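One chain, subunit A, links the two complexes that follow: it is found with subunit B in the first and with subunit C in the second.
And now, the complex of A and B:
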């Protein structure tokens, strides 16, 4: 296994709301390795974005706070260091791209200006012309045609796919060790998504970054990721390498998710059978049942799941494959 | 007049004027929908796929005349409805309904579910009288699998999937024959998507509904549709039955669309066609075949004229518009 660059240990994040505190992330642990992509999958509200923002220490506080746990980046706890030091890491060593490229770029500055800003903050020894040259190089790296001209344009002059490329260029400006991508292709069309995924894979191999890829699309996970963590209601319910999780999901939720995607091998089209579904809906974080959060939607539910034994803990079922379920699937 | 087709669209075009200059004169037009012809059989589903900006939503709304088409014919139940006046159109709209993408934006937050579901029946004077109305409302909720106590609640009390069920119930309230479904599941979570898709397929069977199902997710469209039309920059580039389209697509764009979809199976690394560049602006589409700047098969012929509609020999449904078909 390659070098471990980031470790998240038992992270708990709480938010204060009008109806009392809720736990958005409860006891999440994962690792990121050099040159590998970790996929975090889950539905809305499962805590995947909050986990990512915690790594960057960007949880708005108040109302949010990291209650316990630790985030260790290259042997150093990110939760203990002062904000000034954190700023030196953020955008420099750990970079992040967001879902909406339109709202994450500043509309009143040129694209070039915004890339240079990153270099001004983190690479102070570069002279101005050097920064401009590097900025144009970055645009070229992410495959933007005529980078020289694009450098002077404003975000509104670019298409959605181009904007996302600019975001990636900005995040790569300082050659980060870790890139956190929070649903980077959800707002894009499939043909453009294919371009961006291809680009991210290429850059990961060239630059040897570790990527945390947050998505709800299992197709994208299968395509992009080496390791997968499936989140449900603030917990990781299953964690494994990508092949064994798709070939052999052990948690009923993971299995349900994988099977509810319509596939189009020729056999299924003619049968027109019903799509397998997961009954019910994601429970509100205010009304989580005692015990396993998935119990009310689970086809395999047993008495143990109803709270007598507490919440299931993540435990290894086969080498490298962890699942938090009292009766994991065979 | 009886025909096996419930809806026929002939050469439908919608142009949006572009205004410019100080005087706001018309300086051009965006052809959002360009000479589109489609037929939908009663009780079937036609899927319409394409990327953002290709005109699929405009087409869907033009059929209901929520957007006035510029030219062309819309033949519904054997009658051309394009020139119908407001009153006559209202009667037609009882038979045609629409479900929108965003279930959060398409329900009035100040109305109870009962009010929302009653409104279409008030307009069309259906199920009048308190008892009959109440019975009908319960029936509607039952059809979309929502509990009876939903009637007195407000939209914010429901999740996305439940709200989409309410939208479906509202469309069903007037007992339509035809429903335009404009991306009905794309705003929903994965586990809920499958539930709504199943519900829509059950309703179709029970009530003999005809759907135009608009989506950008080919997997869902493929699953729910009998026939699929692929749209690119205002033109239908290929129409085929769902299985033909996937198994033997003729148009390079269709093939690229399919290959761009990430499959949920890490062991299958499919050959991926990555299209270069973005979708051109519909204000100024490329000469000839609109797809040629991104097409790997493009030749000089493609830069001249838009290819004509060609039928695939031996197939009753499969048609495409391309000079260099793949098979």
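And now, the complex of A and C:
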């Protein structure tokens, strides 16, 4: 296996709310390897974005805070270093792209200006013309036609797909070791989505970075990721390489998710079947049941799940395949 | 490097229009508006007159006696003469220097204070916000005339005291507006993205958020300018204004005794001079708001 760049260990993140503290992420652990993509999948509110923002230490604080756990980047804990050092890492060693390309660029500056800004912050030895040249090169790298002209344009003049390419160009400016992509294609239509995913795959192979890919789209995961972590209510419920998770899901929740992907074969279209769903609702983080968080929606629920033994721990069931369930599926 | 190139025909790529910034767009729509253009022209004329009188090139001889006391307006003295036989027209022109300098310095001073405190309060929130909001709420609950009078009493008479008094009392409304706008912007994704590329608080606030709220500052600047000109009149009327040189305020102050004797021209000249600049700034402020506020675009 390739070099491990980032390790998140037992991360716990709490938010103070008017109704008392809630634990958005409780005890999440994962690793990111050079040249591989880790997919983090889960519903809204399952803690995927909060985990990602914690790595950058960008959790809005207050109300949020990292309560315990550790984030180790190339042998160094990111939670211990001073804010100034963290700022040097952001955008430089660890870069991030956001969900909404429409709003994540500053409307009053040209896109060129914003790419140059990253270089200004992290590569101070470059001269102005060198920065401009590098900025145009980056736009070319992410496949923007006539980069010279686009460089001088404002965000409102670009389409969503183009803007997301600009965001990717910005994030790649300093050749980061890790790229965190927080639902980068959710706001784009499918054809553009495919282009952006291809681009990210290609750039990962060329630049050898590790990618953390946050999404709720399992189809995208199958296309993009090498490893997958499935999150539910702030916990990782299943973690494995992408093949074995799709071929052989061991957690009832993962199985339910995979089943609810609509299939497009001709028979199902004519039969007008109902889409399989997971019954019930995600429990509120204020009222998590004792024991397994998934108990009320699980078809396989046993007495053990109802609290007596606490919440299930992530444990290896076969080589490289971890599940947190008292009675994993076969 | 080979990448996924979108296949735009070369000809189409060539015709990509030159991009315009927000300011270029705003300027474009401003000069299309005849009323705004006229207002801008009036402001420029006043500013030029003020600079020329400041340099002593125009109305430098305002203190010279040109006729007898209280001569009525005639072709040789369009606005007549004052008690000492000085030309009221020259005094009015000289007054533009004071008016414009007071408008400018007050607008700048209140802009600096208002933007700074508003931005900090909005951006940091929490205790900082509470303290600043408490301060300006308390501050603005003091009647402004009383505040103006007490500040000029502390600072003594003179031009500098007027600058400071007006500047220090007129920043609250801008501060409120900026605070609100900054709160609206600070959680936007582009600000988060600026953090994600390694920008600190200062960069996020002053480089990313501030240009996005600058239109408010500009509109406010134009309105603050004319409010200051009017306030100078009030201060002078109360005997706290500029001393020893003609200002529209002191002219109107003089006129309160003259009117009883039928001498109306000093009042008329100063009021007319003020009317045009105040009207021009108001119209300009409106036009700037139309041009700069994206929510009013294409109304």
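The working rule: the second predicted complex is superposed on the first by the 324 of 330 C-alpha atoms of A that agree within 3 Å, B and C clash if a C-alpha of one lies under 4 Å from a C-alpha of the other, contacts with A are read in each partner's own complex, and residues count from 1 in each chain.
Note that a residue touches a chain if its C-beta (ideal position, glycine included) is under 8 Å from a C-beta of that chain, and two chains touch if they have at least 3 such contacts.
A quick note: this is a predicted structure, and the numbers were derived from the prediction, not measured.
Touch criterion met: A:89 reaches subunit C, while subunit B stays clear of it. When the shared chain is aligned, subunit C comes close enough to touch A:118, but subunit B does not. When the two complexes are overlaid on their common chain A, residue A:43 makes contact with subunit B while staying clear of subunit C.
With both structures placed on the common chain, the touch criterion links A:136 to neither subunit B nor subunit C.
Look at A:198: by the touch rule set out above, it reaches both subunit B and subunit C. Legend: residue contacts after superposition of the two complexes on their common chain; A:56 is shown touching subunit C, with no touch to subunit B.
In the superposition on chain A, A:325 makes contact with neither subunit B nor subunit C. In the superposition on chain A, A:305 contacts neither subunit B nor subunit C. Subunit A residues in contact with subunit B (one complex) as well as with subunit C (other complex) are 145, 195, 198. Chain contact summary for the complex, subunit B toward subunit A: residues 51-52, 159, 161-162, 189-195, 197-198, 201, 216, 218-220, 222-223, 242-243, 246-247, 256-257, 259-267, 272, 274-275, 277-279. Residues 1, 3-6, 8, 13, 16, 18-19, 21-22, 126, 188-190, 192-200, 203, 207-208, 211-212 of subunit C are the ones touching subunit A in the complex. Residues 56, 58, 62, 87-92, 95-96, 98-100, 103-110, 117-118, 121-122, 140-146, 149-150, 152-154, 157, 167, 170-171, 195, 198-199, 202, 206 of subunit A are the ones that touch subunit C when the two sit in their complex.
Subunit A makes touch with subunit B in their complex at residues 43-44, 145, 159, 161-162, 189-195, 197-198, 216-224, 242-243, 246-247, 256-258, 260-264, 266, 268-270, 274-279, 281-282.
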